[in-house]
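Structure first, commentary second.
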Amino acid sequence: MNPSNVLEIKGLSVEFSTERGRLPALRNVDLAVPAGAIVGVVGESGCGKSTMIHSIVRLLSPNGRVVSGSIHFEGSDLLGMTEPEMRSIRGDRISMVSQDPMISLNPVLSIGTQMVDIQYREKLDKSRKRARAVTMLQRVGIPDAAERLDDYPHQFSGGMRQRIAIAMALQAEPSLLIADEPTTALDATLEVQIIHRLQELQQSMGCSILFISHHLGVIAELCDLVVVMYGGEVVENGTVRDIFHRPMHPYTQKLIECDPARMVEITRVQPTIPGEVPDLARLPAGCIFSGRCHLAFGKCHDQPPALAGQDGGHRARCHLTDPGPGT
Amino acid sequence: MKPLLELENVRVRFRTRSATRAWLAGIRDPFVDAVHGVSLQIAEGQTYGLVGESGSGKTTLARSVIGLVRPNEGSIRFEGRELTGMSASDANRFRRHVGTMFQDPVGSLSPRMTIRTLLAEPFKIHGLGNADLDHEVRRLLDLVGLNPNFSNRYPHQLSGGQARRVGVARAIALNPRLIVADEPTAGLDVSVQGEILNLLGKLQEELGVSILVITHNLNVVRHITDRMGIMYLGRLVEQGPTREIFRQPRHPYTLALLSANPEPDPDARINRVELHGEVPSLINRPSGCEFHPRCPFARKPCADEFPVTRTGGDHHSFCCHYPR
Amino acid sequence: MREPSPATPHHATWRAVWNSLKRVLREPLGAFGFFLVVLVIFSAAGADWLAPYEANKIDIRAKLQPPSGAHWLGTDQLGRDIFSRVLVGGQIALKVSLVSIGAALLIGLSLGLVAGFGPRWLDNLLMLFFDSVRSFPTVMFALAVVTLFGPSLTTVMIVVIVTQIPIYGRMVRSQTLALRNAEFILAERAIGAGFIRIVTMHLLPNVVGPLLILASMDIPFVITIEAGLSFLGMGVRPPTPSWGTILNDGYSYIYNTAWPVIAGGLPIIITTLGFTFLGESLRDVFDPKLRREM
Amino acid sequence: MWLYSFKRILLGILIIVVSVSLLYTMIHLVPGDPVKTVLGPRASPELQARIHEKMGLNDPLPVQVLNFLGNAATGDLGVDVFKNKPVSTIVFEQLHHTVFLVLAGIGWAMLLGIPLGCFSAIYRNSLADRITGVISVSCIAIPTFVVAIYSVLLFAVTLRWLPAIGAGDGETVRSYLIHLVLPAFSVGLGWVGYLARLVRASMLEVMGETHVRTARAFGLTERTIIFKYVLRLAILPTITLLGMGIGILISSAVFTEIVFSRPGIGRLIFDAVTSRNYPVVMGSVLVTTVLFVASTTAADLLNGLVDPRIHHRGHE
């Protein structure tokens, strides 16, 4: 493991057992989050983003199972830890903000109670913990934080609830924050407010962020490094400029092309990616994207490409950019 | 150009409490204005985009156009004929000329019906049951680019994009003059969004329909609409030609909304107008210009006086004391 | 490419029923429940020619006999063959539950639709009615009705119908309210579908399934009420056999012999267990929320 | 919150008024003179007239209903013309037996059922959970009076461990309690199953919600998550069910009281019905209805206290 990385995932494969058989939701996923960096994960629905973050904190639903691979966090393998060891990391060293603020807080406990509860590791009395909670709420921009500490989640708007969720996640000053589409449920003007707040807090605390989103604009604005996922695989990773200015994988190229915000010229015919996301129960033999790729050639349909490129730098899983061994 | 659809001063009020409850709580006017004083026109063959954040009243406005919500004031004219206060049978005849698409691609299809039944339904409802329905169903599926054997499937067996195509097919089944599309791209992946937008564009070219698009996605509006309107707290704060508004937004809210749209380019430098606070509740509308508590450019008169609507050339109008 | 086959909705419905039945039978408890229910239905339907004796034939000399080859479940205090009485009693219990649940379903469905679609005041009025009937505990209500009309099978059915109406009515109402503003209903209204079309073609198909499952789970409850009232002497009039009267007769002689009591109680237990197990697994199969848990 | 409570209590009173009026009307719409039924066909016309007058049967029906309700509100439930005793006295002589029975029954059901449900939810799909499930469902399915009879057969007749008849000699608490064991067992058995199933189902539902995953992601201990974050929500439907349960049990106690020959309100109504003693029927039905509505109302109010989403509704 590279010591400058907070999180390093190597060869992670995850399966779900369902009525339709075993679904390989993640296959051979590599990902690294350097200390102090914001890493964005982009991908469309069903690409395995959520499965990946649930594997990191080891909260996969009961029918999911890690088949192979390792997840190293600050030097130790998370997959090899006992449950109490893992619990001591959750919420303290790694914390999470989830997608829908309306359902991610307990509805019958006041936010003060919830924020005090998550500080159970600290040896402080309750009033000190409450004071810390107020400070944190102020930092994320909750007006009248002290007066509202005993309010319940339903008394806050969606944007406020997401701020509270961020405050809770950053309370313990974790070294890694996993943000799972934290602004998808919010309106555009609120989205901007919250992203900026997140950026400020990240800079002042110096933590790393793993930021999951399908919104390319947000990724481009916020992240330093970007990982592109498709059908349960990492198809490309690199710096934000690599990905947006020099995309190598045809999927990445198409995805960026498809974003209507990208197009300077107004056009009535939008670019699209024809075809459908592959069915996990019947994966193609070759490249996962071959069925929809406009550049696919013979080899693509029967040989899966490897993730290749500069080590630790810009890499793509494509036969076009990686001619393969022996050539 | 002759307007196909004309809205004048439309106001839709919703009851917030029952009469007895309001009386108990001492509220004299237990209503909110979900839509207030909205006037707009859509010409034949034109695409109009209605933009706004959640709670801005854009969906309510669309529902009043298709007759699901009855406006309390104002008039809605379709091909010059007044729709408000129309008899039920006249309203039904009018519905033949308007196709509707709802937000949820799968949820807006009746779950226990096959696609075939769903597509044949408009014909049956409007007394065209003796048409060759199988032929019509195949024609519609073909038109929206779906394989004919989809007709035996049920809505939950479709992907979001496919269900959306069925929604489009239903909307155009009776050759309408106007399509009202509420968030046509909601819940779809970027790569599929384009397909639906292209489909709408193609159909518009072939059939010459007008489209009213309701969305929060500015990118969609920018590419497919001719004119657009921006709603805030139930009012239309700015409207005009789409190019014009994107080039030079005049209302500060429009400006904030446009700049809140992050570009997929790490080097794009955005002069962002950031708003304070959150959208106020409809029950407590701010005084004066209703945007002033959040407006970064607000000055003294903004808090007291309601701004008049001004026009800035080419039917570009905005409702602000100090337009940009 | 294959021509689209003109699959009728009926086709699909039967296939769906068959598929769910297969899923029910795969679970041991579901299969057990199904077996018991089939057993009960067959024995009730065939009671007339399965019963070895005439159910009311008195033979004082052979009273209170333990089970034997001649009397499989023994005889009661009047020497009547308990096995025959149990079979005929089952017929009555099933008839009462099917007829009264059917009637309650129809009335509840209509009232629920009226409450869901009607004006606010009517909704409030119906809800008040539902709540009032429900707050009249079933047994109290039964006793009150018996005071008025005297004990009879009709009384039992009236009691069941009136007490079940609010349950179905409330459920249909809440479903209707939830679906009334569902997007697919709005979409139908937008293309001009009339009220009757919306209710019959779009609302009912989505309400009836859960309602039938609920109703099937009420069958044991109704059988219990019938047996209970008959046990109290407020249901079926003697000498007509009912599981409740068999139990009551036996209870008077419980210190003499245990057989009549056991024979009267077992069919009740078998039937209620069968219907409950079957209903539970039907609900598991149909309720996707529970299935996801598995 | 107080607006909610006020509304809920008002609704409860309204429900009582409506249901009792319905019953009263029904009784008086039935053909035949209740007095004749009571006194028999050979009673003298003078006596009939006197009883008529005494029972207020000469007034128009709505007046009678109003009078009955008005009197009931002041605690006057009318007079039992047979015994010439106030109905309220008769009812309250019997009521406590039923209340003890119900509380004992639901008490042991709670003590066993709720933990059982929690256990099943925590170890869901384990063998123990499956067995608990089958037993719970069976407990629900078997009717109370069958349980009562079989328990008499087993524990009183065959094993002779416990008494089968009566409520004790009325002198020692011990004898009262011993006589309570079998009735309370039969009354509560079904509720063990109910509570276990309900607690299990609602806990599983809550455990699947996102906020529980959030709590896990903060590393809270499983103990805190189950007992503070899950149970607090999962218990809400249980409170409602218990409220209904007490009401249902009070009314269905009649079976247990008949089987065990116990005094109690169920038996009182049963006897009154068999002898067509209308004033006693009306009075005791009113009391049980009030108890039923009171317990469901109390459950809803308790729910309102525990659930902040209801609690704060008045402020918005």
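When the chains are written out, they are named A, B, C and D in that same order, and each has its own residue count from 1.
Operating definition for what follows: a contact is a pair of C-beta atoms (placed from the backbone, for glycine too) under 8 Å apart; a residue touches a chain by one contact, two chains touch by 3 or more.
All values reported here derive from a predicted model rather than from experimental measurement.
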Task: Steps needed, at fewest, to go from subunit A to subunit C via touching chains - done: 2
Open item on the list: How many angstrom lie between the centres of subunit C and subunit D, each centre taken as the mean Cα position?
Closed with: 23
Task: Chain centre separation (subunit A, subunit B; CA means) in Å - done: 32
Task: Rounded Å distance between subunit A and subunit D, as computed from the means of their C-alpha atoms - done: 53
Task: Touching two or more other chains - residue numbers and ranges from subunit A - done: none
Task: subunit B, residues touching no fewer than two other chains - done: none
Open item on the list: Give me the residue numbers in subunit C that touch at least two other chains, ranges are fine.
Closed with: none
Open item on the list: Thinking of each chain as a vertex joined to the chains it touches, would you call that graph a line, ring, star, complete, or other?
Closed with: ring
Open item on the list: Following the definition at the start, I'd like every touching pair of chains, please.
Closed with: A-B, A-D, B-C, C-D
Open item on the list: Which residues of subunit B touch subunit C once you look at their complex with the stated criterion?
Closed with: 18, 63, 66-68, 92, 95-96, 98-100, 102-104, 107-114, 116-117, 121-122, 125-126, 147-149, 151-152, 167, 170, 173
- [ ] Sort out for me which residues of subunit D touch subunit A in the complex.
- [x] 209-221, 224, 228-229, 232-233, 236, 306-309, 312
Open item on the list: Show me the residue ranges of subunit C that touch subunit D in the complex, using the header's touch definition.
Closed with: 29, 128-129, 131-133, 135-140, 143-144, 146-149, 220, 224, 227-228, 231-234, 247, 251, 254-255, 258, 261-262, 265, 268-269, 272-273, 275-277, 280, 289, 292-294
- [ ] Under the touch definition given earlier, write down the residues of subunit B that touch subunit A in their complex.
- [x] 53-54, 159, 161, 189-195, 197-198, 201, 216-220, 222-224, 243, 256-257, 260-268, 270, 272, 274-275, 278-279
TODO: Report the residues of subunit A in contact with subunit B in the complex, numbered from low to high.
DONE: 44-45, 157, 159-160, 187-193, 195-196, 214-221, 240-241, 244-245, 254-256, 258-263, 266-274, 276
